[in-house]
Amino acid sequence: MASDASAPLLEIRGLTKSFPGVKALEGVDFTVRRGEVHALMGENGAGKSTLIKVLTGVYAPDGGTFRLGGAVIRPASTKEAEAVGISTVYQEVNLIPHLSVAENICLGRQPTRFGFVDWAGMTRRAVAALARVDLRIDVRRPLSSYSIAIQQLTALARALDVSARLLILDEPTSSLDAREVGELFQVLRKLRAEGLGIVMVTHFLDQVYAIADRITVLRDGRLVGEYETAKLPRMELVSRMVGRDWSAVAAAPRAVAGVGEPTGEVLLELRNFGRPGLVGPVDFSLRAGEVMGLAGLLGSGRTETARLIFGIERARTGEMRLGGRPIKVHSPRQAIREGLAFTSENRKLEGIIPHLSVRENIILALQAREGLLRPLPRARQLALADEFIQLLGISTPGPEQAVMNLSGGNQQKVLLARWLALQPRLLILDEPTRGIDVGAKAEIEKLVQSLRAKGLAILFISSELEEVVRGCRRVVVLRDRVQVGELTGPALTEEGILQTIAGASHAP
Amino acid sequence: MKTFLTMKQLGAGLLGRGGRWLALAACGLFLASCGEEPAKTPGGAAAEAGGGAKKKQIVVGFSQIGAESGWRTANTESIQSEAKKRGIKLLFSDAQGKQENQINALRSFIAQGVDVIAFSPVIVSGWEPVLQEIKKAGIPVVLTDRAVDAKDDTLYATFIGSDFIEEGHRAGEWLAKATGGKAVIAELVGTPGAAPAIDRKKGFEEVLAKNPGMKIIKSQSGDFNRTKGKEVMEAFLKSPEAKQITALYAHNDDMALGAIQAIEEAGLKPGKDIVVVSIDGVRGAFQAMADGKLNCTVECNPLIGPQLFDAVEALLAKKTLPKRTGVMESVYEQSQAKEALPNRKY
Amino acid sequence: MKPPRLNSQYIPLVATGVVLAVLYVTGGCLFPNFFSLRVLVNLFGGNAVLGVAAIGATFVILSGGIDLSVGAVIGFTSILIATLVEEHHVAPLLAISLALLLGTGFGAGMGALIQRFELPPFLVTLAGMFLARGLAFVVRPDNLGIHHPFYAEGINHSLALQLDSRVSWPFAATCFVALFLVALVLAHYTRLGRNIYALGGDETSARLMGLPVARTKIATYTIGGFCSALAGVVYTFTTQNGDPAACVGKELEAIAAVVIGGTLLSGGVGFVAGTGMGVLILGLIQTLITYQNLNSWWTVIVVGLLLLLFILLQNVVSALSGRLDNTARHG
Amino acid sequence: MRPERFQNRPVRWWSGLEWPVAGLALLLLFNLTFTPGFFHLELRNGHLYGSLVDIINRGSPVVILGLGMTLVIATGGVDLSVGAVMAIAGTVAAQLILRPGFSFPALILASLAVGTLAGCWNGFLVTWLRVQPLVATLVLMVGGRGIAQLLTNGQQIYFEDARLVFVGNGHLLGLPFPVLLSLALLGLTALLTRRTALGLFIESVGDNPRASEFAGVSTRTVKFVVYAFSGFCAGLAGLIDTSNIKSVDANKIGLTLELDAILAVVVGGTALTGGRFSLLGTVVGALFIRTLTTTMYAWNVKSDVAPVPKALAIIAVCLLQSPAFRRRLAAFRRASPS
């Protein structure tokens, strides 16, 4: 482990970056030493990816200073960042799949001979670069013919091919299996020993404790703290990430807000339900009139479970029963016909139809179920829109406002209205309160409870434990894409969830 | 793993088959280099076509411009039926109005070893290189309908077709006679760059030069087709000078027929309010004359099939032909239209 | 896990080779003099204009773009050269250089519009097509033969290679083959060429990999413009004339040749060599249909069908490699 | 967010029409000032007559193609084959009319059906085989004209049948029949999109295909329907053009008209990226293009040179719609002292 005495490799002070309407980073300090693996952690919207993009020259910072090896730097492009020794490997392998491995490593800096690309030289250089990551493959084959793990290592080799001093890995393990992760870590340890500074963004706690020397936690664009991994218990890490003061959580009595007893029959049953590589076996059941939470960190498999249920991805293992009847859902259309509804966590890409009006956004799913030839009369559309604008308190100048002009919370309510208009049996809410203000959050929570009281089954996914605990009767906890526990009754506390997420084995 | 297997099989299959074909292709190339071209034997392709016929069948390659007008349709028809009648094998290729296609077709004819090549060039220029090739291959060329702009007149044996300048003259002279030398004329020009468009304009303007009372006030290309003819005439009729127009000169009947529709839609009487004279003499034009809508058409006879194959046979008999063979044609007026109509073949 | 022996992206290329071979051999079997040297020479000479244009289109399509202005630029270039040489008595080489320069600049201009203002290539090059065609008619409204000795005696006599007593290899075909070789080197042995592949493969990745995306994109359209202009020059070689209406719709033939040559229209995958074969396939189809004495309109139908076939093949291939990815991920 | 940016009105039929209408008005103003007789209208033979009538009459096929193209483009696609489909449909009509005893309504239906069938083929390629629209429709664009030529065996066909001639040449209520047909189609399209859920689905699929799929909209059906409809429109336009000249010329009918149709849609304010569409905008766009052409005839500009102003119009429209251009313009304005 690197000693405290060694001068920092990278030193960022007071980094600020804002986008229209959002302060993505506010006065963040960040330090990386030579020869260490430094985990950068935080939930959604924490500012991790903004930090990385500023560091690699994709975004220009609004304020703050950068020093690399003591010298002030200000990279304005990926190329400039690489030139000073900052290399990045992105989560989605950002290489060109159709080109060969060797080319992917050398693209843009191929060895040349009389001005022409020297393929033999390139092959040699690629082999050498891959040797640094302990990989021996045929580098002339196209990248796409290799597994994701090898593609990841290729990206790593490319990053190392320029004389990198600081290596940034953005969720490098999210598509790898355990053995592949092990191999990757082997390489990282070697690189660490060579004196490289490595920044790693990941959601997997086990992996953080397996490899990271130090941890920096960000939340909502601010620095929470910088810790030695060895001195930071898991529970504390998790609570800092989700923004609950550890001691406060431990002390607080359980806040129960009318979660009530379920009134109905079992509606949804999942047995050994999953899809290898996406989310492991999940087992739970949900009754009508019940709110059940799905908790876990980002990337733990919460969203993936929801998507399997709604038929966006097809389940490969296990069984799903709806109202006692076994069912295989293969498309959202079918799911909707079965009375399921799902609000995606990705409001912009998978939720709103930005240029259409509030009215049109609200009636879309209902109209889709009615079919092409049975248009809802305009009066009915307006009545529905008005009803939901009233009911959910959507703050809009009127039903004909383009939905993109609404605030995030109101967009979320429009989406909720879209699904409620269907009068579904089961409502899956994936992060319904993300990125919206406190007042709107409370309203949505209240709404969820009133829907439950009306007999709706609700699957509630949120990274805010407080919300989950307050609103759910039972909570299923996922970690690293596997179900690790189900909490109910007195065990259902923030502390309980945190402990389940953190896992039994505290020692790394 | 299953996918891999299928991939592999597919790949191997393709490669295998590909390999075999490649081998075949290689054989072909080998044959090519051994066999060489079937030296120029007249009727080389005929052997393949005529089976065991004793008398060598004559093979003629003809490249037509396309099918842009009724005139062209009649022209094609005449050539095809005459070839059939004489038992001559005709290789016919429609160039779809594109010079590139025509050049490629001519080259194919050389390679096929035809006895005579005939074609109606799309445009006047751009033929020298390919005509040189044909000359080198020793195949006589007959130009039909349209001439080419080539300095070396040994590049072709003969040109069978109308004298477009003469047609322009005739149209102009008829109009001068009919209007007493006083006319304000709108002109529908053919496809820019085509020989008939250039020459018909030239011939007509030569007559105008002698008749100071006649002048062209509007002139625009109607591309030898009805659609454009109608569209352009509509625009003419809306111009401020429209009221002065007393005559229309169209480079072919199709444009005139389109324009007649436009004149009628303008509430005018074609043939009376505006005197219409055009060139070609297709059946539709005779009909229009019989109806009193068209005043005169200068015949440009498309039925050159018999003349073409006379020339072909003469060439193969090693006779020399005059550089230019005219076509039998005359000028038709409304008075002749009714009786001529039933006899018109095109 | 053993990777498959034949990489899936070579399947279209192999298929192109197979189609070419089948067509050629079929012709040879059906017609006695099909395997002659002349047919072979005609294939190259008669399709030189298309070949040069298609090579330019290959780069544009590889980068993920499209260029509709090809035919119009050929018409413009040809009439410009003809007018300069015949009417203004400019030295032919000077006229040719000027025309090439203008065409290249034209391509660069379109590229700059596409890159700087993020305009759809389809619309920009469509405007380019209208503009070039209109300007061609402004230069001169009808065709004009070039009688300058440089053309008659230089290009088509001295520079043509006499293969045997009757057949000679035209200089236009030499241009095609030369450009083909240069394009092969450009595509496979220069950083620019590899950047074009990367750009077409994944623009975001290319940007994140630090490649000069903007410069590459503009360069691609510049190459396209140059090739179109060169095709115009070759057109003047093969016909010794200039024609403002020349080569209407040549861009479609060029795109067809590129697709039949195994290049993915979405960009990133493809081969200059495939385009060469694609051009020969189009030429062979035309020759075969003339030989068979079929209505020449069969040509476009067969080309349409072949186009469809290759698009479907590409679909199958990408589906296969998609599944390959999944297998690699989960298997 | 500033409150004045909110608009709390239903999307009126005129919204978004400001720019195209302004362009058209500008062009008309130019003609009013500089082209004598351009606005002259009179009654001849009981029907309206003048340059303006020519514009709407000759503009009809572009309007008709444009209506179909609008829906296709609104889903984020494009249909390059319409010109070739026009040729096929026209050929079918001309061939059937020469068959004695073939009933006229059946003939009309047959040629419209052929157009629709061609559209279905495009739709099939785009939805089921997931071929990019540009490529999928290219197939028919390349091959379609050949099919038409083979149907006529490369010959022109002439006909004089009064009923068929009426389609392209007749007058009703003082107006040319094609104009009435295009108005009827405008009405039909408006009904089809606004009285069924099709319009909503088209816009949502074009605006955000993923979200639409998640909301249960069948993107496949929607796309298939719009391509089929575009084929239908091409069939109708082919019928009109064929009838107009009383003959079929498979070579020339609808040649490059697909480009005019696309241009009309884009000028009309429907973005090439899909989403909100404006049928009236397309009509205005088509009229704009046609007015440009008619203006050039009036000015005796050679028709061959006509593409130049068209090209400049495309670039201008593209730039005006381009966010990047607007950004740069805004930056430029900010940089320069006002």
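Order as written gives the chain letters A, B, C and D; numbering starts at 1 within each chain.
The working rule: a contact is a pair of C-beta atoms (placed from the backbone, for glycine too) under 8 Å apart; a residue touches a chain by one contact, two chains touch by 3 or more.
Note that the structure is predicted; figures quoted are calculated from it, not measured.
Participant: Can you pull out the chain pair that has more C-beta pairs in contact than any other?
Facilitator: The largest set of C-beta contacts joins the chains B-C.
Participant: From the centre of chain A, which other chain's Cα mean sits the farthest off?
Facilitator: B
Participant: If you average the Cα atoms of chain B and of chain C to get two centres, how far apart are those centres in Å?
Facilitator: 30
Participant: What is the distance in Å between the mean C-alpha positions of chain A and chain B?
Facilitator: 70
Participant: I'd like the Å distance between the centres of chain B and chain D, where a centre is the mean of that chain's Cα atoms.
Facilitator: 33
Participant: On a C-alpha centroid basis, what's the spacing between chain A and chain D, in Å?
Facilitator: Distance between chain centres: 45 Å.
Participant: Find every residue in chain C that makes contact with two or more other chains and list them.
Facilitator: Residues 1, 3-4, 7, 137, 141, 244-245, 295, 297, 324 of chain C each touch two or more of the other chains.
Participant: Considering chain D alone, which of its residues make contact with at least two other chains?
Facilitator: Within chain D, residues 149, 154, 302, 304 contact more than one other chain.
Participant: Scan chain B for residues touching two or more other chains and write them down.
Facilitator: Touching at least two other chains: 94, 96, 192.
Participant: Looking at which chains touch which, would you call it a line, ring, star, complete or other?
Facilitator: other
Participant: Hey, which chains are touching each other here?
Facilitator: Pairwise, the chains that meet the contact rule are A-C, A-D, B-C, B-D, C-D.
Participant: Which residues of chain D touch chain C once you look at their complex with the stated criterion?
Facilitator: 78, 125, 129-132, 134-136, 138-147, 149-150, 153-154, 259, 262-263, 266, 272, 302, 304-312, 314-315, 318-319, 322-325, 328
Participant: Okay, in this complex, where on chain B does chain D touch?
Facilitator: The contact residues of chain B facing chain D are 66-70, 72-73, 76-77, 94, 96-97, 192, 218, 220-221, 223, 225-228, 230-232, 234-235, 238-240, 242, 258, 261, 265-267, 284.
Participant: Of all residues in chain C, which touch chain A in the complex?
Facilitator: The contact residues of chain C facing chain A are 1, 3-4, 7, 9, 185, 188-191, 193-195, 197-198, 201-202, 204-212, 268-269, 321, 324-325, 328-330.
Participant: In the complex, go through chain A and note every residue touching chain C.
Facilitator: Contact set of chain A toward chain C: 58, 77-79, 81-82, 88, 90, 94-99, 103, 107-108, 110, 112, 115-117, 119, 138, 141-142, 144-148, 158, 175, 276-277.
Participant: With touch defined as at the start, can you tell me which chain D residues reach chain B in the complex?
Facilitator: 36-38, 40, 44-45, 49-51, 54, 58, 149, 152, 154-156, 158, 169, 241, 244-247, 249-253, 294, 297-298, 300, 302-304
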